[in-house]
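This is the structure I have questions about; it appears just below.
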Amino acid sequence: MGKVMLEVKNLKTKYVTRLREDVFAVDGVSLKIEEGKSLGVAGESGCGKSTLALSLMGYYFAPLHYISGDIIVDGNNISGMKPDDVRRKVLGTEIAYIPQAAMNALNPTQKIIRFIEDVIHVHDPKMSKKDIYDLAKERFAILGLPEEVLQKHAVELSGGMKQRTVIAISTILSPKVLIADEPSSALDVTSQKMVIKMMRDLMDKGFIRSMIFITHELPLLYNVTDDIMVMYAGQIVERGTAKEMVFDPLHPYTKGLMGSIIVPEEGVRENKLIAIPGTPPNLKHPPKGCRFADRCKYATPTCMSMEVPNLEVPSKENDGYNREYRCLMSVRKIREVYENE
Amino acid sequence: MKNTLRQVFHSPKFVIGFSIFAIILLTVIIYPLVVIADPLEMVGNGNFFKPGTYVSVKDAVEGTHYTLNIDVQSGSLDNKISADDKADMKDWLVKYGGVAEADVDINDTEGLIELWGTHYDPDAEQKGILASKKKYYVRLNNNLKGILEDSDLIIAKENSETGELEQANTIASKEFVNTKDVANRKTFILGTDNFGRDVLTELLDATKTSLRVGLIAGVVATLIGLFLGLLSGYLGGMVDNIITFVTNLFTVIPSFILLILISYSVGQAARGVNLVATIIGLTSWTWTTRSVRSQVISLRNRDHVNLSKLSGHSMMRIVLTDILPYIASYVVMAFILQISSGILAEAQLSMLGLGPSTSTTATLGLMMNWANLYAAPLNGSWWAYFPVVIMIALISFSLNLMNTGLDQIFNPQLRD
Amino acid sequence: MSDNRASCLKGKGVTKIFGFGDKKTVAVNNVDFDFREGEIVSIVGESGSGKTTLSKMLLGLISVTEGEVLFQGQPRDISTGQKRREYWKGIQAIFQDPFSSYNMFNKIDSVLLDCINMRGGKSLPYEKKFEMMREACSFVNLEFKELTNKYPFELSGGQMQRLMIARIFLLKPKILLADEPTSMIDACSRATILDMLLKLRDEINMTIIFITHDIGLAYYISDSVYIMEHGKFVEHGKAEEVILHPKAAYTQRLINDVPKIYEEWDLSTV
């Protein structure tokens, strides 16, 4: 078991609307990522996965507010730190964050190398321009980006190239955790593949020590991350290895999600897609019992009223690895029910 | 819709702006109902009477008198000579009157006046004194004559038969009148203006007229702007090019210059309040046109407009139901700004003497103009122009505040 | 694909050029197509390939610069408002973003009533109209009773898109043009939408033109596929043939670059 890079304990955050109503977007999330591992977060839009990414940085600004919980990065608890301290001490070196529209964040009047100088100077003001250039050149070469990019302006680059450049800039300080929120969703498939390859390279070459990858595209997660975590209505409903999650899901919601995967491969045309009726609950007033109960065809009256604990079961594939799920049915019961369909 | 309204009234900026505006509006509407008077009636004979209560002298003399044991002398003395006068008096006495400085006590007014009475001589040699200062001392001396006398005042009546004066009444210095006993009183909270008109009543009437000017200008500008903006934005192509060209033309020429030229050429006699308001509206639509056009262009390609076309709706119906409601909030905001700028434009024009030429109604700009013409700022009659300035500032402040509040709600980029 | 089915929408040398002179851009470049009755056809292309421009031309929302479009064998005429309205009785659309497809100031009832009016049901008694709306809603598994007096934005994205299909059900056009109808909604609702499109085809024999960037989705739903690159069709044919055995280099690249589940996804080929 590797060193724990990021540990989150019972994190709760909320949005406050203009009408002073609270929306509990992340409601009691706990997770752990070991060194060299990557974790994928999947879920429908509005399930809180992007909010989770923002909350994990410890950098809160209105309307997002911190309620409770701990975020421990490599042994340091960063929850409750002042935003200024977070910006100076955590972002960049401990945690790097890449949003979906990251490529639009580049100021068009500056050369790429200036951004790298800026990032490095926040943490090491003494480093000379020459050293920074050499470091950037080396890093770009390893990641397969041409050196000329450093001397170019953002407008001269294509969308995919911009996104890869931003990722390279954000990880120049070799952060311990990289949080990528849909980094490739706005790109065409070819650029998406390049971005994915680059993120794999970053992990393999040790430039980042762990990664959280957030997307709604399950085939992508399956190919990028070691583990997958499924979020529903602000909570984690299931977590396991990528393979288990896709081919042997336990929670009925995960099952539905995985049943909606469409890939251009032989035999897919004959698959019957699983549709889940209904809509996710309103996070202003989350239901008391299982949050998925009113859409679940296996739900019992107990599901509606009883809060469902997170259960751990040993993984079939990996020894010593536990997968988690949040359902009142036992694993045996679940398998039985799915078998009979 | 209901939610939007709720949000609007949750915005502190909007609520403050709206309250100020509502208070102004209500005052303007209710005041004439309570105080029924012609706002432009020339009450005073003379210009710029100070704010205060005016009582009829005749009533006061003829009414019941009360004798109060109060030191009336120092009270009236303080009222007549200021501290500066006393300092000047001391100055003269020491320099030219040959009095030792130690003998003059500036705090003892009566003693000072006595000293003055015995030593002052307007024909004495006064070296190094300005002629104006010399005249000032003469004036001061005349004022002080008889000030210390407290003999009774005799009121005389002319006998209609003999034509001789007969003593009717005497007034002792310690006799008082209760102001409540005086039948004829008039309070001018803000004094009177150069024509002797009550400034407060006039101000509220002028505010009403100015708001009407703003409203008419706003409606005219918004209607023209909305129509042209919708037309050029929705139709595009050649129509768009022509309208954009005309709009740019009007934007480039400073609208105020245009306003001055039109107002001038219309002529003094024809310029009424409504005409000036319309002219202001006719020169300030460009901004609305541009913003409406850009909004419509972005809406024109939205799917719901396409869907409406596919449903076979006519262009008129698409514009009215699929485009207009979406830009309504922008139009309302533009309208609010147009009202505010219309009021300001009227004030500017009137200051230049190109405003509505009417003797039957006042506007805020005209009041400023009159005050300015009769040199109110120079002779210290602050009440003739300062309340007007405050009123203009309050109106445009409240309207702009409302606009900012709305902007924050309808323009998500400005949200905190 | 049986070729004896009648041609529903046919294009010959359809071209769209935006701008003129130096600023000229060719969005759709001389494309030929033949969509047959009761067929689900996918047009697959990346962003900027011209597929949305093509769809707007097919709908008659923008003019065709060059070429000819034949609707049910006849050259279509959309020169006047009346003729356009007539054409739109035969072709309708579902757009990508359900949230911007509705006029948020109109209630759901009025959206559906519009459709009944367009089909000439303006003078029907209210009970009949109500019955038709109820039927349309039940076709897409929505409860009409719960929708009356509601505004579209009170629904979820999936429900809004289903309401769009209810609209199509009421209009019963010959051709439905679905422009990425599932790309903005959740994976779980996607299956429902796709099922309903298939149901429309099966029950009303509607021709569906499905425009998408997702080649997996095209493979799942369509009978035949047109692959579009830079305003041109590079390959077309039966879905199985085109996707499982692509011939054009562009199609091959497109398929290679999509993440896979059953096979290894080869990352080295970028």
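Note that the chains take the letters A, B and C in the order they are written out, and that residue 1 is the start of every chain.
FYI, a residue touches a chain if its C-beta (ideal position, glycine included) is under 8 Å from a C-beta of that chain, and two chains touch if they have at least 3 such contacts.
Predicted model only: the values in this text are computed from it and were never measured.
Here the chain pair with the top count of touching C-beta pairs is A-C. Using mean Cα coordinates as chain centres, the one most removed from subunit C is B. Taking each chain's centre as the average of its CA atoms, subunit A and subunit C sit 33 Å apart. Subunit C has its Cα centroid 64 Å from the Cα centroid of subunit B.
The part of subunit C that touches subunit B in the complex is made up of residues 56, 59, 61, 81, 84-85, 88-89, 92-93, 95-97, 100-103, 105-106, 114-115, 118.
Of all residues in subunit C, only 46-47, 141, 156-159, 186-192, 194-195, 213-220, 239-240, 243-244, 253-255, 257-263, 265, 267, 270 touch subunit A in the complex they form. The touching residues of subunit B, counted against subunit C in their complex, run 302-304, 306-314, 321-322, 325-326. Those residues of subunit A that touch subunit B in the shared complex are 18-19, 62.
Residue ranges of subunit B in contact with subunit A, taken from their complex: 6-7, 10, 415-416.
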